[in-house]
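Look for subunit A in each of the two complexes below; its partner is subunit B in the first and subunit C in the second.
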Partner chain A sequence: MASEIEVKAPGLATTVQDLGRPGFYHLGIPLSGAMDRLALVAANLLVGNPPDAAGLEAVFMGPELVFGRDATVAVCGADLPPKVDGEAVPTWESFAVKAGQTLSFGYLKTGARAYIAISGGIDVPVVLGSRSTYPLGGLGGHEGRALAAGDRLALGDAGASPAGRSVPEGLRRGPGGSPVEIRMLPGLYWHRITETAGKRFFKETWKVAPEADRIGYRFRGGTPLDFVPREQPFGAGSDPSNIVDACYPYGSIQVPGGTEPIVLHRDAVSGGGYMMVGTVISADMDLIGQLQPHTPVRFVETDMEGALAARHERAAIVNQIREHLA
Partner chain B sequence: MAQEILSPLPGTFYRKPAPDQPPYKNDGDAVEAGDVIGLIEVMKSFHEVKAEVAGTLQEFLVENEEAVMAGQPLATLA
Partner chain C sequence: MRYSFGGDEHIFVEVDESMSLEAFFKALSITGAVRDSAIDGVTEICPANASFQIKFDPDRIKPDDMLAELKRLERSADSAPSVIDTRIIEMPVFYNDPWTHETLMRFRDRHQDPNATDLEYAARINGKASVDEFIAAHSGAPWFVSMVGFVAGLPFLYQMVDRPRQLEVPKYLRPRTDTPKLTVGYGGCFTAVYSVRGAGGYQMFGITPMPIYDPKSEHAYITDDTMCLFRPGDIVKFRSVDRAYYEDVEREVAAGRFAPKMRDVTFSLEEFKADIDAYNTKLEGVLNGQ
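Right, the complex of A and B next:
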């Protein structure tokens, strides 16, 4: 049988993703790639792939895949229970799927996005250095879009990859606690809001809006921001949340109209005219990718030192996973 | 024997196709397999929740516009 998998049912919005397409944001082409990069790396390492191999990102609902060849598979990230021919298999652990068998999923338990790595990786064409799908731009992945029933995905050549290897529980990083704490650096437009509004922004609990997606994670439930009065500069819109068009960093928190903060994620636009109250630290972007609608969240202020320490901690977890599976 | 209709997705549950329209189903209504009983809103789109088997809709277990979790029972069928 062919070295491919067939999509019997696509799930909600399953896309091919690797670690992304950096270097083109200045042209308006976003990073794309896995929303929870640590989970994709872990899944790839479990099946003997390079950490940046392309896998599938399934959000909220899993696909149904029929395998054309034997493969080792791992599912990391959200607790979306995998099944091989109807038999439950664990997450964060490599398992064997034989040619002709079907991989399907039960109901989502925790988290939002499951990463499915298959030994050999998904072999779609590399576009601008990445196999990641950017559906809004019709770029990369499988035909630039989410998977549909009947799609066939080619698999790359796989090396030896034993089943039954697992990531220790302590290294399965995901959002914990309630509310989930998301760390951020205030700036560049923090000065636009009043001191009271700034304090309240951190104190209040926000909830993930159902609209949250790969482009941006929207939050609601907190008090609208009060702005410091000013005469809007030339080039800025008339709303106090408008600025003269500027670049939007990955992770930046824009607040259109001062009402609902949106954290820009992997498929975000690269610039525009909304003020940003700050930027979520890189280490916590994975966690945002695992938030379900209505999850309570608090934004926690940190500084550059705290952000860099968190980045090192996250990198250390990836290293420990790598060493454990070496 | 009563059967539950489960939500396939996390999101917001709606019992009506639009705010100014009547609910898809009411308690006690007959349901055919494949009938839509409500919508789940998530990621800027609405997904129909369908009954898998025919029966009588006994009771809705969640309110209109309530937050639901994947796998959560939405209604019972008898």
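Right, the complex of A and C next:
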């Protein structure tokens, strides 16, 4: 067998992802890339790859992969227990897989998405500057789609990288506490809802809905929002939650009909006609990618200063991982 | 104009709450100025119908500095003439086609008027005597691509007529789970051409045989290396065609021989507003090589 892996079983919706494809949002082509970027970066560093190498993102259920050459592998993010030829190996730690061996996974314990980095990276063609998969547009990754049984993925050239290196437990960032707190900056069309509705939005506990994917995470369980009355502007549409179709920031929280907030994620629709009440701060987007359906969540208000402080804290963790593995 | 931070990585700017050609032009002009000034740290520049959005890296440019830059560019855009160099493109549309008809019949329970088709409903609420009269209005005056997005390469189009002649229809009561690829849809005051098959809430009027998104690089006329035919600012003229014409184009597309009618053109908002019908006739002349 050559320098490749064969997909024996694909998992639920396993895709090739790197850190994303910026620069084409004005044409409706979203960022894509790992939903939990910190986990992909950590997995790559563990196996000696550059942080932005392409790996696999497995959601809820892992794939079964047969290796065509020796490789160093690491699995970070969700606690989806990896096994080599049936033998359990740890997450957040590099391990060796020999040519002919099979990497498979047990049942998901915590989190939602596991990132599988393989030394040398997944060598699919670079499309518009990235190897990430954007399935809605049939773009990038392996043939523009999630993996299927029988697929063969080429691996890049790898230097030697030791097994047994691990990310210290304190640096394994993931959503904690219940309810999980997601920080957001109110804004965009926040002024469209009443003061009472705004206060209640932060006070209530929401739950991740089953409709939660790479495009966006839907939440339910809170009280529908009340809107400030107005005559709808020309071109906006008749529902009070409608606006003249506009861009949607990555992380923005739209509330169609005022009922169920949706946080757009890496495969975001780039625009549309629903008002948004604000935007999840960049530091907390990784955490959303690890939420399972039915997880209780509270939105917590912050300001720009708070958002930037959280951004720096997250970057400091990435730096510590980098230094630890250097 | 209303500025709002979208988290720590975006600035969202609403030029106007309402749709108008003036608001669209202003958004296009400022985003053009942002692109030209090549500000370090800007990663995405997205003009929309009556608003725009800038994505930036706050590690490279502070959010307040980014905001100050945009306000400075807004002031200089105010004095710029509303003239753009753009393209006019003809898009053949098979209105009232069997495929969108089959789809809309499957989703009648989500529609305002389950006993009419989308076209019959749109004609009635816009005061047209017949579906044909509605199609004549839709394919009469040209349209501006006022935004590209939602999904890859999907254009939103705003018709180049004064407000009393604007066609308006609501979206479906509940979105459909299916829309055929290349459906010509309508919601609010916008036409949208669905670049890929998928969910959708716009009323369905017809279908075009002309692909507009090309992830596999199969169509020579989509020369842009972004794989998307349309850009904000393009002008589009719909041409109502019958089934035979539709199938001809489809065959030409499959054989890799199809090229839409497409010309470079300069558009002036002031000249357009001075005499809309005469200006549109002139544009159509350019399209037809006259």
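Please note the rule applied: the second predicted complex is superposed on the first by the 326 of 326 C-alpha atoms of A that agree within 3 Å, B and C clash if a C-alpha of one lies under 4 Å from a C-alpha of the other, contacts with A are read in each partner's own complex, and residues count from 1 in each chain.
The rule is short, and it goes like this: contacts are C-beta pairs under 8 Å (C-beta built on N, C-alpha and C of every residue); 3 or more make two chains touch, one makes a residue touch a chain.
On a predicted model such as this, the values are computed, not experimentally measured, just so you know.
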item: Which of subunit B and subunit C A:His26 touches, first, second, both or neither; value: second
item: First, second, both or neither for A:Tyr134, with subunit B first and subunit C second; value: second
item: Touching partner for A:Phe60 - first (subunit B), second (subunit C), both, neither; value: first
item: Subunit B versus subunit C as contact partner of A:His294, first or second or both or neither; value: first
item: Superposition-derived comparison: subunit B or subunit C, residues of subunit A touched; value: C
item: Complex contacts: residues of subunit A adjacent to subunit B; value: 12-13, 59-61, 106-109, 112, 210-213, 292-294
item: Of all residues in subunit A, those that touch subunit C in their complex; value: 22-29, 127-128, 134, 136-139, 144, 184-185, 187-188, 233-238, 242-247, 249-252, 269-273, 276, 278-282, 304, 307-308, 311, 315
item: Parts of subunit B lying in touch with subunit A, wherever the complex brings them together; value: 6, 8-12, 41-44, 47, 67, 69-71
item: Subunit A-facing residues of subunit C, complex; value: 4-10, 12, 14, 16-20, 43-53, 55, 58-59, 63, 147-154, 156, 163, 166, 168, 170-171, 187-190, 195-196, 198, 213, 215-216, 226-228, 231-232
